[in-house]
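Have a look at this one.
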Amino acid sequence: MPDALFEDLGFAKVDHDRARRQGSGEVIYGAGKTPEQIAAIATSLHKAGQSVVLVTRLASEAAEAVRGLLAKSGVEAPFSYHQVPQLGMLGTPPAPDGNGIVVVAAAGTSDLPVAEEAAFTAECLGSEVVRLYDVGVAGIHRLLAYEEDIARAQAIVAVAGMEGALASVVGGLAKCPVIAVPTSVGYGASFNGLAALLSMLNSCASNVSVVNIDNGFGAGFQANLINHAAVK
Amino acid sequence: MPDALFEDLGFAKVDHDRARRQGSGEVIYGAGKTPEQIAAIATSLHKAGQSVVLVTRLASEAAEAVRGLLAKSGVEAPFSYHQVPQLGMLGTPPAPDGNGIVVVAAAGTSDLPVAEEAAFTAECLGSEVVRLYDVGVAGIHRLLAYEEDIARAQAIVAVAGMEGALASVVGGLAKCPVIAVPTSVGYGASFNGLAALLSMLNSCASNVSVVNIDNGFGAGFQANLINHAAVK
Amino acid sequence: MPDALFEDLGFAKVDHDRARRQGSGEVIYGAGKTPEQIAAIATSLHKAGQSVVLVTRLASEAAEAVRGLLAKSGVEAPFSYHQVPQLGMLGTPPAPDGNGIVVVAAAGTSDLPVAEEAAFTAECLGSEVVRLYDVGVAGIHRLLAYEEDIARAQAIVAVAGMEGALASVVGGLAKCPVIAVPTSVGYGASFNGLAALLSMLNSCASNVSVVNIDNGFGAGFQANLINHAAVK
Amino acid sequence: MPDALFEDLGFAKVDHDRARRQGSGEVIYGAGKTPEQIAAIATSLHKAGQSVVLVTRLASEAAEAVRGLLAKSGVEAPFSYHQVPQLGMLGTPPAPDGNGIVVVAAAGTSDLPVAEEAAFTAECLGSEVVRLYDVGVAGIHRLLAYEEDIARAQAIVAVAGMEGALASVVGGLAKCPVIAVPTSVGYGASFNGLAALLSMLNSCASNVSVVNIDNGFGAGFQANLINHAAVK
Amino acid sequence: MPDALFEDLGFAKVDHDRARRQGSGEVIYGAGKTPEQIAAIATSLHKAGQSVVLVTRLASEAAEAVRGLLAKSGVEAPFSYHQVPQLGMLGTPPAPDGNGIVVVAAAGTSDLPVAEEAAFTAECLGSEVVRLYDVGVAGIHRLLAYEEDIARAQAIVAVAGMEGALASVVGGLAKCPVIAVPTSVGYGASFNGLAALLSMLNSCASNVSVVNIDNGFGAGFQANLINHAAVK
Amino acid sequence: MPDALFEDLGFAKVDHDRARRQGSGEVIYGAGKTPEQIAAIATSLHKAGQSVVLVTRLASEAAEAVRGLLAKSGVEAPFSYHQVPQLGMLGTPPAPDGNGIVVVAAAGTSDLPVAEEAAFTAECLGSEVVRLYDVGVAGIHRLLAYEEDIARAQAIVAVAGMEGALASVVGGLAKCPVIAVPTSVGYGASFNGLAALLSMLNSCASNVSVVNIDNGFGAGFQANLINHAAVK
Amino acid sequence: MPDALFEDLGFAKVDHDRARRQGSGEVIYGAGKTPEQIAAIATSLHKAGQSVVLVTRLASEAAEAVRGLLAKSGVEAPFSYHQVPQLGMLGTPPAPDGNGIVVVAAAGTSDLPVAEEAAFTAECLGSEVVRLYDVGVAGIHRLLAYEEDIARAQAIVAVAGMEGALASVVGGLAKCPVIAVPTSVGYGASFNGLAALLSMLNSCASNVSVVNIDNGFGAGFQANLINHAAVK
Amino acid sequence: MPDALFEDLGFAKVDHDRARRQGSGEVIYGAGKTPEQIAAIATSLHKAGQSVVLVTRLASEAAEAVRGLLAKSGVEAPFSYHQVPQLGMLGTPPAPDGNGIVVVAAAGTSDLPVAEEAAFTAECLGSEVVRLYDVGVAGIHRLLAYEEDIARAQAIVAVAGMEGALASVVGGLAKCPVIAVPTSVGYGASFNGLAALLSMLNSCASNVSVVNIDNGFGAGFQANLINHAAVK
């Protein structure tokens, strides 16, 4: 069994090869894992040399527990927790080194947790992020006031619940790819984000692709990837 | 059995009381009816004094058959047929007598049949209609060029398939009610108009209500009603 | 950045231009916002001269917190809270000044919160409202007892869960537009309001349009708009 | 193998025990069967003494083929075909012998084929049927004109597409069970009868049960059963 | 306004005409009503002479509250509460006086609350009920042991969750109508009863009709109606 | 590039390693492939030594074309076509060499094409197959007449449309695994096989697993695998 | 009534014939049953001679209660409880006696409860189980490291949430049947396991069948059956 | 009205500003447009200086008609048509000038039309494309044979129907963003691509985003955008 490529913790096979294979290390999906499992995986990745270990969907009490367990197991790198996007981070993020900026646009105030997950993820991975919040299309002039930021972005994350129309309008204003994130914000026939998801998948703008409902992490991850494109 | 209120044709009970009760006469839904049935109902309504009888979802061959049958049964009022919206009309529409204009806005060229059904219906019932076609949100400046028409409308019909975002953007620019019509234009995850329907139902604009997918008739009917509001 | 049109609070861009653009000011969607955010937005709108600021989907504890925060920040206008429809209001509603009455009809006792949201919204915006509650179609004579109110309305809001049939029956009796509100009342195959929603979208009455499940606010808003149509 | 209970034709095991077990003989579902298969099953049932053999969902060309095959195989009982409900019948129906009448009510002209399938099935099995067609709820007075028929029925079949509201209104007027049949009549968000189906399943009337979309046969069968309940 | 037909309590219009119109009095749907509302409606019906008033979906604490309120308002008829089916009853049920028996068959132990709602409802309305519980089709011999009860029933209620197959097997054994009740028992792809609902709607047995998921009340009500068929 | 494992035809990479890796060779899914593509893949597999090459979902005209192309390219093995299951076969199937029998049970006559696809596939791969057709649960005695075959099977394929109840009943009678195949037979709320699919997934019998709607091939393939279990 | 085949406890008819008919005894589905019901059924099965009685979906507090009740009723066989898979067991499992091994593969750490339910079930019924956990396809080398285990299995259970791709990849590597278990792990458009379920049903590997979402028990049961196939 | 930004053809408002605003000109969605409309829009764009005008979803007969109309209106640039992806192109594509290669990977032979739409689109817009076809995950070694191409790509388009697992496996091997395109290839529970769509949206790989079912164009467009990212 090739032990260089992953470490087998029993409940998890930690992927030590990911940074080589994919350019950035493994990220821990916190939901449904115990603090003990999270701390063990984070420690394994940290010891294998991964400089920043992100933990997504981490509740604040679990974060406290993880912090304690990391300390106990002698991990010295700092562990910080960010409440709004429910993200934990072991290590220190790099200075921004992308080709330009990532714009994160959100339709409404209730979309902030998802938008912050995207923005913070991109920052942790080395991107400069410009945030445009509460720019939903029912007051289109609020969005148009930022046309310049949209025009100069390397990648844009568009976050919206309800009817999800923001993605198409932003798409029509942008030169770069737009990663659309439907959110579960809404009620009734939003069906927990389905309406926004379908809306975004059917965008009439050619530069819009979509990630899962509330997946701010994935959108931030991809926007950062695009922002670090390099001639190979 | 109260024969003043409806005529019983066996396959149909023609509603002669509708104009009194609802302010405008019965409209014939053409789909799934034979030309003979359509002609008989139209004749019954015409003879009962209804000045304009609309037939929706009428194929052109069926229209020809209806025309012949009406002639045979001695109906002298003109019967016209309008190809794009698939509408037949017995009688002559009134001169526009609403309080102002009805705007019909459509997102794309493929939405024209539904938009025309709305526009033509409103015209037949006495409204002046301003058409704004191909003003989809991926090129928002095309819509913004007509802000003035939107601002002065008594009622607006917003027609869009795919992601249906037009309704929210128009809603945010308008002072009046917006009747949104999702269309079945699109493919894949548009699910024959479901995406646009859900999008419109979740509009973040407070003045948007929605009718069935491809129901241009209903939207035009309601826009015309609003345009004829009267102090009672 | 055009600061006349909106105020940027960071988490929100408060739309000061809405009253000019749309005829009535911004309404605050309370769900998913903190009392601090709500109070700040309400204050911003109030200071910009908006005479009535509505807050929808506001829990009673949150309402208490908002009241305290408004007092602390020196807002002197009264803040009232209405339990059944979960609505908060900053300021004093205008005297009714519409063209006529708005009728709010509800099918069952369990539909009252949504019906009251519609009725109260329309009243706050200047409409006289007539309430017809528990007039579901399984006892059709209860509805027919109020045919006169239905016939003289400028706009009707029809609120129903379960099979949502009320909208079609009311539609067939009315001269004016009917805004149908499906509610999440029911169980099993009501699928939280989906059955009523689909039923209403497929209404055989031409004057029925539909808003989102449980969206009493939107229906009341639109009924009030229609009741204030500019009449020649 | 118990050969008294069924005959094995290879492609079918014809149920000769059904009349004893269930009170009426097997009915042949014609869709997806070849004329040869239909004729063979009908012959088997006829020879086993079943006086009336119904074939549902039988296209007219297939009916012609079946007629020829029955003749060839020496079956002397008459075979009739009924175009609107697409029903074939081998044998002669009994004189009506139920406890009272079965009412078949249909909302619109387009619902007639399904309504006729129900009515004809009930007649073939021995019920007197009263037909109320085009009594949809948007013109409620048309239905109310027949309150007396509804009040005296032993069982009612309510047939409707679109929003399917007829079932609830009829249910509220009737003393007897109502079998509701949603039809696929409609477009867009009717989703081929799903809207009517859900509407009927959520009926606020306690005496409504539902069969599959377009299943006129089942409704007629059950209404006839109820009409033949053994009475003390 | 015709006050003989209903009493207007403001939040409810109590239907005093139902017993005349439909043969049995109004039943109170307890979910979403306050004990005060329930007690007031029950009192109104009781005072109008209805001998048994059922309250469905009534939690035990609410039942206690209703009992107290009825006592306080001087209602002397007994109020009983039945825990498993969550039913309250004001008054004394009649002696069984139907034409025969109603069979209530349930697939599994977890389906008992719904099955008891059906059985108890039928008993309260005057039917003798035979209960066959835990006769799911995975052990078909358990059901076949009761073929005789099935064969002699006037009406059968078949209650099942998961795959809902019980309805079809019972249907194939019965001479009478079968009212199928899908339950929300199950997990995963049962989708809270949708699987059983669709299964029952597609039953290959001709005598099966379906009510809403978990609607034991409706099924018991209808079975009792069939059991009381009378020659008119 | 490892050319031993597959042959690259451009439009296809033919998997020559599958027989070694999986125990039986590649099967060609005929739908959406041209006769030229099918013939080329079949030739490639045949030349690589695969003794039987199955082609599923092959229309009869396409089969003729494939036959011609195979002949032209000098393939000498026989190519046979089987109309009911729409299967083509290049080569000669082995003599039955499984541990016992595979039973294929089908609910109705309309399910035969899918049942035959399963039966024929299992036979081609070396299983003896016993067919039980038209044993749907509405006439349960027809199925029970074959309890012995069910009890001695090594694996059972249960094929049913509509409510799909056959799988559970067979499951409860069998000692071996049951592979359930929902079919698209039915109408209305069968939603093209969805009802049967959900029913089978929720089977209360522990030994039932499910394949895709109409996937007779997969079921036959797996039943044959089970029938060839060997001690390793 | 045949009392040899089942014991009637009123709320349950305990199937004493299952072991004879199906090769292994009845398993108790714990969800929705009271500890009293569970203990009574377990006692009935134990006294009838069933050596191992499994209880699935048993919460830990309920397990404690069951243990106490069993002790009180004098059952002397050991009762053990297994936290992760929420399984109770009365009796002692047999030594492994299958034809080979069962492999249980799980995509992620969050899938462990379902995977353990499958593994433990198979072990209790007499299979040797090899567990491969956290071998999701986004790090395909982790799975490929265990190709040998996959190749020698008699049956494989593949457990995955989110996109469920594990089943297809494992299917393509295996010689034996693969029972796929979709889990409800995921969020947003996983729709509680629907995405994984559909993915697995559409597997391009011919040897994959599927059980209900989170049904680890069924998968383990079937894998064990296959592992005990009678071999010539 | 700002005529510099778009040309109003009545049925369309051709967006002349798009190249400036978005970096590449407008693309014509051919479905639902007449050849006359397509030719007119293409002419308008061509005359405004757009060097390549793509027409998607263009049937071959329509392409012939468009070619004739373009010739008639004096457009001299070449118009070519590509059958498999159903794409028309007016003008000559640029030489590849991206930062590296775009990889288009397709799971099966039936996915080729969509894959070619993506590949051809990217080529027309200036990207070098490497095609990897028939690399579905059921034969994972076929994909692994091309790990090097995957590792060096600037962007990858992953095209798959059925279970759509390809996207996740490719995602786990790639350093760059993966645009996943679900296709409608499959049957039964693929629900015309819904299974693949959901699967891709739930990908456990962080670098996967998704476009609409069968939207090869959008994926190719975005992959090309990423391949042309401005690099420091």
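In this document, chain identifiers A, B, C, D, E, F, G and H correspond to the written order of the chains, with residue numbering beginning at 1 in each.
In this section, contacts are C-beta pairs under 8 Å (C-beta built on N, C-alpha and C of every residue); 3 or more make two chains touch, one makes a residue touch a chain.
Fair warning: this is a prediction, and the values are worked out from it, not measured in the lab.
**Student:** Starting from the defined contact criterion, work out which chains touch chain B and chain E both, please.
**Tutor:** Chains that touch both chain B and chain E, as defined above, are C, D.
**Student:** Using residue numbers, check each pair in B-C, C-D or E-G against F-G and return the one sharing over half of the contact pairs.
**Tutor:** Selected pair, repeating F-G: B-C.
**Student:** Specify, for the interface formed by the sequence copies chain D and chain F, whether it is same or different in terms of residue numbers shared by both sides, with half as the dividing line.
**Tutor:** Chain D vs chain F: different; shared/all numbers falls short of half.
**Student:** Between chain C and chain H, what distance separates the C-alpha centroids? Give it in angstrom.
**Tutor:** Centre separation, chain C to chain H: 44 Å.
**Student:** With chain centres taken as the means of their Cα atoms, state the distance from chain B to chain G in Å.
**Tutor:** 57
**Student:** Can you pull out the residues of chain F that are in contact with at least two other chains?
**Tutor:** If we look for residues of chain F contacting two or more partner chains, we find 108, 139, 172-173, 188-190, 194, 197, 201-202, 212.
**Student:** Per the touch rule above, enumerate the chain pairs that touch, sorted by label.
**Tutor:** Chain-chain contacts present: A-B, A-C, A-G, A-H, B-C, B-D, B-H, C-D, C-E, D-E, D-F, E-F, E-G, F-G, F-H, G-H.
**Student:** Which stretch or stretches of chain B touch chain A in the complex?
**Tutor:** Touch list, chain B to chain A: 107-108, 136-140, 144, 162-165, 167-169, 171-173, 186, 188-191, 194-196, 198-205.
**Student:** If you look only at chain A, which of its residues touch chain H in the complex?
**Tutor:** Listed in rising order, the residues of chain A that touch chain H are 21-23, 27, 99-100, 151, 154, 172-177, 179, 197, 201-202, 206-212, 217-219, 221-222, 225-227, 229-232.
**Student:** Which residues of chain G touch chain A once you look at their complex with the stated criterion?
**Tutor:** Contacts found on chain G: 108-110, 112, 133-135, 139, 141-142, 145-146, 185, 187-190.
**Student:** Enumerate the contact residues on chain G facing chain E in the complex.
**Tutor:** The contact residues of chain G facing chain E are 1-2, 5-6, 10-13, 15, 17-18, 29, 31-33, 37, 182, 184, 192-194, 197, 212-215.
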